[in-house]
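These notes concern the structure reproduced below.
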């Protein structure tokens, strides 16, 4: 099989997704690993050229921690809950928008694509309100802990995404929201991806992480679950099979599919070109969540 | 190398040609050979999906002969020159527009693309005037032979191509022109392709034939010339190296490049997906003619 | 009354139909008779200039028979039913698209209009499925006869008509449909006209034939019925007053009016400029079918 | 010849003028004569329906005089020159815009067309400056007579005409200009028509008056001159053959043709439908002025 | 507080009304008083520049009377009802369209804005039918009095307003309607303003008059009512608190608010820049009528 | 003088600048001073509402120093020249894009405007190449000092500014450029403002700083120069009157005016609403530089 035939084999998939919007979430680890982000960026550009409108949402936890450390800011943990005070918020905003997001945009440019960095503040793309304080029991006493500048998304106004996406730009979104008073709030990137996908009527949401998908047994790679209905996914959340960082990914996937996104995928960002493999070949990778 | 990597390798070529118009000429043999035309049609659809606007011009000589024979019409040959009388013209029009063109359009549809059959009459796409009578010497006497309904292109009005191409349709053009009085005239398909390419400001013209390109020695496949300037190509025309069916292809290529088309290619339609190979991979095939 | 006054008299009718779409069906006899088609073509061009969007659907039975005969193909008749085998289908396609349709388009061009030849394959304008085999009783035994490449329209996608009509072109439609596999199927031209009229939200459908309209007594011209409701028309179909070629015209008219076309007319193509007379003067000609 | 054939005979003319802008000037007599204006209005509506964009400029001298008389305002004549004082100006504006113009617009509406009344003030369609005072010799003494609110056109801004004409409205223009300070100025309607024609790139200007055209001998109808070059027309102006009210018409015609209007016509408004006769039939009426 | 700060104070109001349509009615007294109309005109231009689309409807009673008097036409009063005969109608049309309307348009032009004069006839902006004859009792006998050319609005077609308003022009509307036969009819300007406001989906209607608003006690300026619901306003109409010229203003305001206009204001035209004060400052002036 | 009159007084200025693009540069001090930036942001929003398209370019030097200090990064100074190594570049990018720019965008949102943060990387808004190394003499030896990641602007592609500005957004631009390889380069914000102004065909460029303008004598506020031609400004640069931070502002102003920007202004950001005062009132503030 020569190379032209291989391209031709992708044709039915290209046709299927032509004109669709696809939201891709990549985590902080992927975003700051040069090789991984290079592979993702090339895939995004190819998607644009075959008529797909990709929207990227990125995280950036590890990088935020690194900069905080350098600046001598200690993480505030109250009874196991991380509190985002004003200084932490400022670092998060600088790192996510001015470092991680800006670097991805630059990479897309240097590979010949066109991108634009956005966050919740740009054209009020997404607004949030402060998350309610959490009840915790410290030494037998119930207390309310104010998590600080952590937000829950209230409203997404996708106009800015549409304006730039229509004109050939790839939006690169940092998960910093704005509230009524113009304050910045830290929001979960998985949730942002899910909300954006629902609001732009995306066809797919793809969560890129550093494992192969949802595993029945976290210690056993071979226990990967290929396909789940949202009902089954919810059960795995309830019974604790889905753990830790996979929880918001699974929740956001379920919510997106419930609001009309056709399919959610959880795939491994570290497999080269896993995006293209997932979209354009028969070899499905990762876990796919569909309505039923 | 997996298929995703291959697609990524094609990215620089896709980027380069994105938004370009490319005119492809395929001959009568290719047009009526199911396997060959299937391969071409799939390539055309892939081109559309990656943002290229292909325009196909087809020939149909062998099929015309086959139908004429069935209808008991004998070819008129005067001193080696083929004369197109009214009946022959009618058959040519029926076969080119109603058979060859219509079949290609159907094939594109059944492979999931959108096409439209056109000829010179549709929106006066191209008009012609009767070719001058040819001087020949018969038994020592010089005579003028009227070639009948054979035309030379006078004017191309590309509006119809642009209207449909803009909206995602692949124009499939049969080489039947119209004259002032509304008569049909048979025109050379290579010439049509060249004139259309010049008039729609195509980036490339690709002549698909049944040999690998221009050969220095017609008996020797290995004598393929990979690259020619228009000056060199003209020389090969003048010194007789370029012969027979390759003559109009070479002439039309030279003319197209002179009018602003960047590159002309002569490639072998019988190599599967030679169009994609030529456009999207490093392995160049056939002969390329450029300005210098 | 001078000529200017006569033009002014047409004003209320021109105003009434300005901006409307009107589907005109002309039969095979009309299409190949030079004088008749000239008169129709001039009328179509005038309609365009006064702001009406005409769409022409043509037949071509007699011409198909003539070419089949020349090619030595014998019609297959099984128990009185005509069977369209592959060869017959090919001839039908060549003649309808490449001969009759192409000629009409040329005529419109040479009279100064702009036209484009279309069939079901172009942009999947209309798709069909094979007609069910027909039960017939041969020598007392009931048999299923496969009618071959004869289709029933399944879906009309009027986009192509709209694209070209908006830009000033007159679509000339040949009744060849395409099926799922890309095969050509012969469909009844009256039915095509009716389905197209419903799908483009035409204001009128005008069936041009070689008699003056629906007659109460086929032998008696004076028995012409000027006006029918669809209910009355259905009754005439049921009681056998409407016969032979008039049956599909009447059926298609009824169906079109049921789907929202305001009026259907059956008029005589052989009366010069009967189209204009019907549309722009008080002297109604032929039979008009309305909802009630 | 029946009415359908007549319409068909008009086809070449309709084609020729389709999409053109034509400026028509009708004088005060025509504008207030019910029968004449009815005929003109019907002609204008027909023009719109066949794709021509007519623009009407009207005069109104006789009506102004009638109203002035009723209001007891006496015309000021100094040494044979009419002076427009403020009161006269007010009456002129009221009559031209509020009476003559408004009536024509109403007539077009009641005949089924769409019109809009405009004057120089609307969107600063045309601005003027006061005409210089005229030197006259009274009783052997040379004096400067200030003509009052009489203007010479300085600038035409055709935007408003284009906005409404594009949307299907017929502009009806009253010859009242506006100056820098917002004052109204009376301007010659023939001049307005000529300037508007030049500025909207009209194809034709048609001056409708109450004689058949330019006559060699004013007493002799048969001395009508059918065709003049602008050079010849200028000569007739210079040698005094063209007299009185015909002078501004001829001057405006010459100027319009010089600025690119293809043809100017001077025709008789009292011949019913002379507009249509001039434009759509072979029977030319009146005098035509062309570049050479 | 410096001038820049004052401008900044207007910002929230500008933001609120940006992109809205606002209908302003000014009465005949205002329209012909140079100072008042100058103030209104400047306000209108400012509104356009800050992104509001103002539409002006004017009256003109006093001016009509003045001209009638000059022309020696006596008002016809039958039993206290004013009858508009044909002559009166002609004067009203001339004065309203050709004098008052034209002057306002000129003023807007000379202050640097762009305006266009319209009335019901222009593009059939509003059509009316004759008002029914009124029953009156004269000397104990009940009689029907035909009020002549007085109309009630039947239909508003706001297309012309939208065409010109979109392009930056301020429509200046004279209250002359057109009926089926093309006759002019005098209509109440307050009613025109109300109907126009409802039909263009205006945000506000502002009635400018020569008192400060609705007073509880006509003799006492301090009895001004600042805010009324439509219910309360209706009660004041019913119990006779609202009198004379304020009646149609109040009725039109109520009707407009009922059809979706958010607020109606009745303000004093004689207070300089009362329009701007009402819209852009906290100092509300006049009476505001809202739904509840 | 009440507030309505004040707005009316601003009318001629609003009219003059309506539809213009104006580039405003504010320095780092202004950008991080809450009161100053609040005043600027309100002014920008008012400009948008009156139809002006403002584009803001900000600096951020003091903030970069503050964060560097916190992160323990020491400025590298070689012979008085500041060197931007990779770490410094990263901090600069984070602070300018993720802190200063993001905060201004948030402020605009919270005051009811719509903004978007951009830098050179977004849609390749501006690209730069590394500044040549500088020759310095250290201890008598001439040496080349590489300034590191400091760039000179090569190309501005204003498409992204136009896309968002057209749709009502205020672009807030951080002075970080991108080079061929996708590296970030620090560029002078004054230069960015000047280049952007030239490339978007701005009408004005306004440099906001913390002094009142160009002073003849830096110690003497009263020596403010109100108006300069570019020639005079050049002379003041040459003779050293213009010093330090004023140098790039003056150079960028001269260059912008040379490329077609009508006027450049240098004004004091610390005077409240100095932008509005400069644009909309007679009280000119600061120094204005014009072509002659």
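Going by the order they are written in, the chains are A, B, C, D, E and F; count residues from 1 in each one.
Definition applied: a contact is a pair of C-beta atoms (placed from the backbone, for glycine too) under 8 Å apart; a residue touches a chain by one contact, two chains touch by 3 or more.
Only a predicted model underlies this, so the values are computations on that prediction, with no experimental measurement involved.
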item: Contact-richer chain pair (by C-beta pairs counted) among D-E and A-B; value: D-E
item: Which listed pair, E-F, A-F or A-B, duplicates the contacts of B-C in over half of its pairs; value: A-F
item: Where subunit C and subunit D are represented by their mean Cα positions, the distance between them in whole Å; value: 49
item: Centre-to-centre distance between subunit D and subunit A (centres being mean Cα positions), rounded to whole Å; value: 70
item: Where subunit B touches two or more other chains, by residue; value: none
item: Sequence of touching chains round the ring, subunit C onward through subunit D; value: C, D, E, F, A, B
item: Contact set on subunit F toward subunit E in their complex; value: 2-12, 14-15, 18, 42-43, 45-46, 49-51, 112, 272-274, 276-277, 280-281, 283
item: Parts of subunit C lying in touch with subunit B, wherever the complex brings them together; value: 67, 70-72, 90, 93-99, 102, 105-107, 109-111, 114-119, 121-124, 159-160, 163-164, 167, 169, 176, 178, 180-184
